[in-house]
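Working notes for the structure below.
Just so it is clear, A, B and C label the chains in written order, and each chain counts residues from 1 on its own.
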Amino acid sequence: MQKVAVLGAGLTKFSRRAKETGKELAFYAAKMALEEAGLEIDDIDAVVCVSAPDAFDGVHMKGEYLSDGCGASKKPFMRSYVGGGSGVFGIINGWYHIASGHFNTCLVVAEEKMSSSMPHPQGIFNAIYDQFLERPLGVNLLWIFSLEMQRYMSVHKIPLETIALVAVKNKKNGLDHPCAQEGIPGNYTVEEIVNSEIMCWPVTRLMVSPVTDGAAAIVLASYDFAKKFGKDVIWIEGVGWCLDTSYWTNRDLYYPRYVEYAARMAYEMAGIKDPKKEIHVVEPYDPFAYKELHHLEGLLLAEKGEAPKLLEKGFWDRDTENGIPSSPSGGLLGVGNPIAAAGLMKVIEIYWQLKGKAGKRQVKREVKRGLAQAWGDLMQVGTVVILGK
Amino acid sequence: MKERVAIIGIGYTQLKPISPEVSFREMIYEAAVKAYNDAGIEPKDVDTFVAISEDYYEGTAIFDEYVPDQIGAVLKPVHTITQDAITALAACVMQIKTGIFKIAVLEGHSKASNIVYPSHIDAFALDPILVRPLGFNPIFLAGLEMQRFLIETGNTEYHTSLVVLKNKRNALKNPIAAYPGEISIDDVLSSNPVSLPLKELDISKKADGAFVIVLAKESIAKKLVDKPVYIEGIGWLQETPNIERRDFVNAIYLQGAANMAYREAGIKNPLEIDFAEIDDTFSYKELQHIEALGIARFGESGIMLEEGYFDFDGAIPINVSGGSLGCGNLHDANSLRGIVEAVLQLRNEAGERQIENAEIGLVASWRGIPTASGGVVILSNRE
Amino acid sequence: MEFKGTPLKDRDIKEKKVFYVDWHVKAHYAWDCGIALSYFFEGLKNGKIYGRRCPKCKRVMVPPRMFCELCFHPTDKWILLKDTGRVNTFSVSYLNWDASRREKPQVPAVIEIDGASEGMGILHLIAHPEKIEWENLEEVLKYIKVGTKVKAVWKDEKEREGKITDIKYFIPIKEGK
């Protein structure tokens, strides 16, 4: 198997509504990634695009539409799609382009333009549910998250205030992210989070990530190609992904076993036997406050039901010295949630942390290996990537 | 990994204009069971799965959610590729070639009959700012392209009509085909005008159906089955989504994809292939694609067709299965149907359609309107 | 590092300060229910909930399916289930599907149906046992917990169409019913 390196990353500002079209957002991110890598588009052998539902941009076969913004004209181009997990899946898709020996370089672009759908992008999520058994009930997206949150809280007896701490932490971390969406990061108290408007109890407004437009991109290269760049290259050490059954009402939602399976696959590939010791920084997907804790347990970085207790002790804080900093970027709650681009933003955060380029967000403890994870579909997909120096 | 990747199992359903008796899950399950039987393995033996779908063809946001159950992929690495089947096949091939995965499964299907306003869905793929507001039925793009193609290459509507005749006639020997038939050149030429020069019979009709194939790396394939079919080369390319900047005469996407595939397969002359399954969503597309693949020189596909080169008993039989014109248009699953036909031919299991001494086959795909995107795969039974 | 992107405000759109194009897509579908769900819906029309059994793992599954997704084996028997169950998880929603706010909340829930295997839930709504409409969150929490027993309330026979909405909603009931 070929080793795969990350050579450059690019991000656009995240905003509720961007003037740019999806193509333009993709272009900004792609160009920035190429510039950091010191490459031109002609140096890129293949392009991968990831983006969540076509309905947001309002274009069927969205991958085709975005391909020119992604730099894919006259190139082998592929769009993969695992719902919200796509952001991290993009790098996995790019990884196998190179690890297979088929290509030397690959550009991965994640784009999301949620603002196009009217009256509100949330309406699109009505169509993720089963058309026969669920949509006729007048479903909305928040139902499934609140049902899962309730189950998680109920099985482990976690108080709402503890979950709110995730939002407090991430929104504070997000203050230091230059791309953060206006009005999203901030210094909040637990009371403010818990007492914010009830959306779908137990989910309150400040526990949910916003609707966002944005794009992200990374450049991947084979070992031979990356050799020219010297020792400071960041490597992909492990990847994993897993999809659970669509019959989500038949599953116990308190534990994301699909995240565990994906994590195990990645740990095995990376040769990691003790993730709690060998992962130094983590970016778990946090579209909702409780999700970060849910995923940290699925990633085997905390025992079932223990992640909230560790949160209270500051184990996941950015400046922890003995813990594992979690979502130092600010995550989706602190920066914004342009679904696919958000996942890739988390991967990019791990990349910058490992390179020491995270500025004010740089974690205190030494980091040699980091993990980024995304989740997607109907509480179904876990996608994991482990990067290392 | 130096080993080749082989196709060791295929499963498929009947192709029909409508399939009200089964849900998409049940339809795909049938194809999957047949594929696993054919390969002699169970879903638990599979390392990675790839599914093909587009949300707006299915009517579900994130159709990827509904993919794993009917192919036995629950709690396994599965992902959706929103692309034609050959590009999705490349995803499987690349995964196996990393050396980490030994067996992969690819699934593609069509429930086109469930789309109530298909042209509205096609229109939804047009550029929302510059093209869609013009309000044309998106099929106008095929009309424009056919016009330009015929003028520049000198091929004629007689030739495009001959494509329809050949493919529908070929489909008569294909038990799964949805639209086989014996028609005349006049039937095609006098069929209802749609977007001239494109007429009704130039357009393949939609059909429902499901396909599942099982792939394995060479060493494992040899242990599992007697007749593995090897993937010798694969390529895929995006020309451009922008209609204004597109080449309306040459299928650049197929030229690029073919270059990649020929190079990998070590094919110096396209005429080395024994047969091909080439996208014929529209009649003129078969000719345009034949030229892009280098099987005919520029402007000569029509003449070669006339002279019988591409007939069942010709030098390079094309679309012996009946193509989309004869079998039905299955959206992105079209080329999966082509791949299955190629496998049957190379295994000597194509019954009445069997081409003699078939050793190398080619399958070429196109994603349909309004894309300029497709792939090429070269398959063989050479040990 | 310089990050590109031009944020807009809602009023930029409302006051037409930027160019934009509108489109309403006619994305209508007529999905084939297939064998399993057709039987299930026929059952609902008759006021009955059916599950399906896998002969290998012996799970009785609802919603029913013609194959067990874990054993990858065809299911073999229709099993009549009860129309009562237990709340596996629930929520109190103040939002409609298009993100507009509701004055009175709705209670979506996953309800494990009696007669099916453990954990076999379906998604549906829970209503107030007498008033149907819930007043507020506090009122819901008085009646509903994880584990609360519930019973289906059906539409009148002549109003049933063979859809999931033939069950109007579930209501909490006392144990022993």
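Just so it is clear, contacts are C-beta pairs under 8 Å (C-beta built on N, C-alpha and C of every residue); 3 or more make two chains touch, one makes a residue touch a chain.
Note that this is a predicted model, so its numbers are computed, not measured.
With respect to chain A, maximal separation of chain centres occurs for B (centres as means of Cα atoms). In this view the innermost chain, defined by its CA centroid being closest to the centroid of all protein CA atoms, is A. Separating the CA-averaged centres of chain B and chain C is a span of 38 Å.
Here the spacing of chain A and chain B, counted between their Cα centres, is 34 Å. Averaged Cα coordinates give chain A a centre that lies 28 Å from the centre of chain C.
Counting partner chains per residue, chain A has residues 58, 126, 131, 245, 247 touching two or more of them. In chain B, the positions touching at least two other chains are 56, 59, 68-69, 74, 121, 124, 128-129. Listed for chain C are residues 23, 25, 29, 31, 33, 37, 65, 69-70, each touching two or more other chains. Against chain C, in their complex, chain A makes its touches with residues 11-20, 25, 28, 32, 58, 119-120, 122-123, 126, 129, 131-134, 136-140, 142-143, 146-151, 154, 178-179, 181-182, 197-203, 213-214, 245, 247, 249-253. Remark: chain C residues 21, 23, 25-37, 65-67, 69-70, 72 touch chain B in the complex. Partner chain A is touched in their complex by these residues of chain B: 1, 54-56, 59-62, 64-69, 73-83, 87, 90-91, 93-100, 121-122, 124-125, 127-129, 235-242, 252, 256-257, 260, 367, 370-371, 373.
Contacts from chain C toward chain A in the complex involve residues 1, 3-10, 12-13, 18, 23, 25, 29, 31, 33, 37, 41, 61, 63, 65, 69-70, 88-100, 105-106, 108-110, 119-125, 137, 140, 146, 163-165. Those residues of chain B lying in contact with chain C across their complex are 19-27, 29, 32-33, 36, 42-43, 56, 59, 68-70, 72, 74, 111, 113-117, 120-121, 123-124, 128-129, 132-133.
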